[in-house]
């Protein structure tokens, strides 16, 4: 009996957070590290459904690099990266889209349905959600093919899916008016979507505990990082690799009315709830100066 | 950290219940035993606000016997009961209304506001919610005065208050077209309101753990009681006193599309959440045969 | 027959006024003088219901000083005033609220229901309508206790009650986020509500015929008084006592988009209709310079 | 002053009627006798506007026989009647439509606009309101040409005009799918429209005081007449001429959920208000047996 | 079979235009030249109904000079013009209104109904659509009587008719608050209505192929004409007569957010569709400099 | 010029059909034969967009057998069929879903976007649109794996997509509450969806001209086939192979309020428009006896 009462107390502790986030939109991005772990994958969806039922509007953006690479192998095509970006010829683009939209996205929808909510999975081409164009990266001497950048977000279809009571899951693929399809960094898509939806929060579920001031020291994680310091750390190479687009998306989001941006470790059980429903939080927030 | 994760797990455990009760109406009645205990009073409101935020529509019906009796003393009027019903002359009626509507009801609203939600407290006369008439109790040889019975419920005003995002709290006073005011048993009002609102649940917060098969044995509480057995126990006097109108209200409610009726001990911390968010439950349910 | 035709002509004469006020909100404040006279009390409600049916949205704000004082006596507490304000200790506050909300307000609702319309009576705590704080009167050397001032009006609940087809009646009690309750001057509440509801009219029903230029001469009533003159007369003491908060409320209202403010004699039969449906009018209007 | 108070009392006397008819639709038919009298014409519109403002939805159906006959003369065509019906060849039909829709109807709209409300005048062809076909009168050996009967009423356009806050005025002309136009008895149109709009009242403004039991005796007017008696009187010829279609329309309306049907003298000042806002009434009601 | 496929191809060719004009409003004005030709009259309505069904909101404004003159003859009144404007005494005004509203307008509605759509015909007096006043033409030494100019357009009634799924047809008659009626140039009404409705297009169907740079040369039609050149041509008399108010209406419309203005030959079969659904177009467009 | 007028006439000829189908839903199913032909693929989309713009609500259901087989090869898996059904083990199911949802569906969306409309492509798992279970085919001795049958259609998500102005495209994959995914015959999905959406039409675009009474004779195509004859022909083997599920879907649809079912040759240019916008039609309709 006492144990049950303790449970009730936990529920009551969450009340201030539930009140605060009622009716707000959260864009939640996760990729390979979460998707490759069956238990975590399920637990993340469970957290997201809980958010939905306590009045938050969660919007999922997913990556899928490992699944793509694996399918490339089936096709006997080599995965080839330049500065972290997958070189995407026409055939690769078809594989990328097939895997992200037809496999990863649909596994997420299956999980949502299985756990008693209703999900609707679309790509950035549906409803012309993500209008994209060929990325022209500075300082890259090579043609990356169908790697794209976000030109415009038409969020109506996402608003409709939310209004219908569904949880939307977005695959990071965009299109243009000529019928071309582009492979876009999922972190970037998440950031742009958060801005366009006027999200309360933009949350990246990664496989590290946040950002460290000293990469070697596990306990040097900073719980919040100002934009200017974040920029400096990117320049200095202190923040690097896959963390760079996440931090950049956070910076842009913070500057465009997204209230909070979080980079957290998705491998921790119920990391989403911890970050959202407790004062401490567990990862790193990018904040205004 | 482990402790925080455990908290998240508790939240997740509540998910199936939250899903089940989403958008449903609960009529919750409580009276003196809860109202006289400052800590419990606050905790009950907290539970009700949590229900509101996870998508339930709680409707409070309150009693207030002790507060009435106390005010009667200030007026140097004696409280006089026949078969558990307060003999209510015109002056007493005014005191009853003043205390229930102007004191007890408003204390509840203050608590709701103070804890970050918004409440609206009305009596059964507002919006002609409870159309009442003089009670003609069988087998009572005396005139009880302005003790009333419910003739009709016009629930529109309650629906409006709910739709506005407020928590309604109802004082058990009714009126008629001649401008007369009646003192009505709060249990009866709760039951009739639950039926009229097509409630999912009707919950009585009392000061006992439920109904016992043997009054003397604390562990003889029955977790569910069929209508026919409930009727028999009333007849046999096994159920008696203030419990009778509660059980009668439950019986009528169960027969009129209210899904579940609960009689629980409001003095247990977070009793409402325990009953609602766990499978065990803690009180007695009245169920169809 | 001729007599009947004359009646029809009276109806037709009222047409221009009905057209003019269609869909507009009137805040009507009245207190002891009206409430103590059974015939007048009924007649005022009748006028208000007529207004409702011809398309006006009447909002009642009531006082209740005499009823409070009487109940204070029952409690053997002395009523004590400083500069016209009731010194309100915690116990007094409870009595004030009980009487205003549970007695005076509900008598008004009973009358409305009895005469075929539907009223909903709330206090300023319901729906957090009147957010209040402790009044810090200049130049008063004493602690007045729970005498409050209006900090903010959240008019949504009143709009909802109106939209539901009900006549709202407001008791002049406010609250704050700490759960405290305040006794607020009803004239001030009426004025602030009129501003917040963007009322067409703010009408005070008093027991005098309006404002006189010479207090001793009955026929020196001024039918309109400019803001600057009104301020001067207050300073000079020509306007004093209970008339001061009324005139101050009018001044503030006129400066905040309330079209018309009237101070009239509520004891004259159908004073509300006379003032509203004829060109002459019977009281004093406070007007812009 | 006393006189003003008496006026207010008249307003208050009308309250029960205003309450009763709030939100209800009245179909009001009038023709030559009202239209030929400038003072009465204006007064009728005034009454109708008053009805609109006190919450009734008045719908005007008008005739226009005298105006048609006068225009026929300008065209040097003879007006020719068989059993009270105007023989309507193709050219006559054009004149009838031109006069009813372009002259009589628009004069009514001008009056409504002039008196501060907004009217919208249409014919039965607009929005295919009145689908008509050639009348095949029993026992008439002659071809009446484009005299029509009502086959179907599509009331959507009238509902829309009402919802827009306008007073609709309908000219009794109908059409069919072949583009033909028909001259229909205005009394019949009024009756059919009342049924289709589920009107509360159907009111005929005529030039007599109602129906008399003895045509010669002015004071033999019956204030109500049962359907079966009305039918008998028609058969016996006691009711005859232009009164027949009115009474027939009333009978059919009463049998089809129209609550009240009135035949009154439109030449009496404010006859509409007298009939509606007093208990006595002035004409004859056709009522169920 | 090949022929059928060619038909399908024509439909497909029209797709870009249908997409472009979806949900847009077109004001289409036509008068005597179209109305006098039975085949063309029908064909124009057919085109308008097609527009309605492919998602355009067509609004018809019609003239009716020849029909008026003919009726004037029946009344043995002489038609008298000053600078192209019909001198309109009170009696003439009645004839003008009767013919435009009761005859020309209703013929259009009959045609629309007959061809399977639903039309609603009103005049500028209905719903106070066109508030007008006496025209004070510069440099005209004579009193033109009830010739009016547009003071204000209240387009709500037209929006309502469109929203109801009907095609509105407007007779160019206006009114004022004194109940006076005015005869207004239909071209002017069309232009003002197009501005008030924020039309996409304003189209004049005339009996010439557009505007010629050299009146004598049939092939000197200009397909577009700038505002400044149009003004110059009016001043030089190159544009004259009935074409002047059309061009002036176009100029004002172009300067007030109407996207396109067209003057085309309504006698060419399906001229409306040609102008709208092909790139070439057939008449003259007035365009910004 | 004459040529342009002829074009306009074609548009006008289509008007009766446009009127008839305005606001109606058409379910259009096509598969490999259309998808493998670039020119036809584009032309079909063009026809569908035209339908959308003239007021029809087209819903696309697509197959994709050849694309699946091709991808199977890349994975070095053999395609294996029993009685026309693809044996679908867990790995094959993943490939099927990946290809249908991530490739075929998205190519259709790209085409729609490219041609100026907006499409939204989902699978039967999104919004739990198609609830499915393992198919238990009679008389098949083998386990077909994840071949599914439709248990329930939840059409809300499709209604929402249509209401948003988008063209929905559905991949024939369903799910169940255990998170399993099923490969369902696209013809069956189309039929069930048509029933659930209360479609006006169900149209199968195939690679033959319809159904022939004598398979060998090209000109023995029947333009309509009664349900009972269709059943007989299936039993007799006259209708066989891939045509069987199409005809069965038509039969069930006709019996469930779908007005018209068509089996037509999608390789004919604009076959959809021919069938819809001309009286002749080109394929075979299944009709009630």
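By letter and in written order, the chains are A, B, C, D, E and F; residue numbering begins at 1 in each of them.
Just so we're on the same page, contacts are C-beta pairs under 8 Å (C-beta built on N, C-alpha and C of every residue); 3 or more make two chains touch, one makes a residue touch a chain.
What you see is a predicted model; the values in this text were computed from it and never measured.
The fewest steps needed to get from subunit A to subunit F, moving only between touching chains, is 1. Residue-numbered contact pairs of D-E overlap by over half with those of A-F, the repeat interface among A-F, C-D or A-B. Using CA-based centroids throughout, the chain positioned farthest away from subunit D is A. Taken over every residue number at the interface, the positions common to subunit C and subunit D amount to over half, indicating a same-residue contact. With each centre defined as the average position of its C-alpha atoms, the distance from subunit A to subunit E rounds to 56 Å. Centre-to-centre separation of subunit C and subunit F, using mean CA positions: 69 Å.
Measuring from the averaged C-alpha position of subunit E to that of subunit F gives a distance of 46 Å.
Those residues of subunit C in touch with two or more other chains do not exist in this structure.
Under the stated contact rule, the graph of chain-to-chain touches is a ring, a single cycle where every chain has exactly two partners. The ring of touching chains, read from subunit A in the direction of subunit F, comes out as A, F, E, D, C, B.
On the subunit D side of its complex with subunit E, the touching residues are 71, 74-75, 94, 97-103, 105-106, 109-111, 113-114, 118-123, 125-128, 156-157, 160-161, 163-164, 166, 173, 175, 177-181. The residues of subunit E lying in touch with subunit F in their complex are 1, 4-5, 7-16, 18-19, 22, 43, 46-47, 49-50, 53-55, 116-117, 268-270, 273-274, 277-278, 280, 282.
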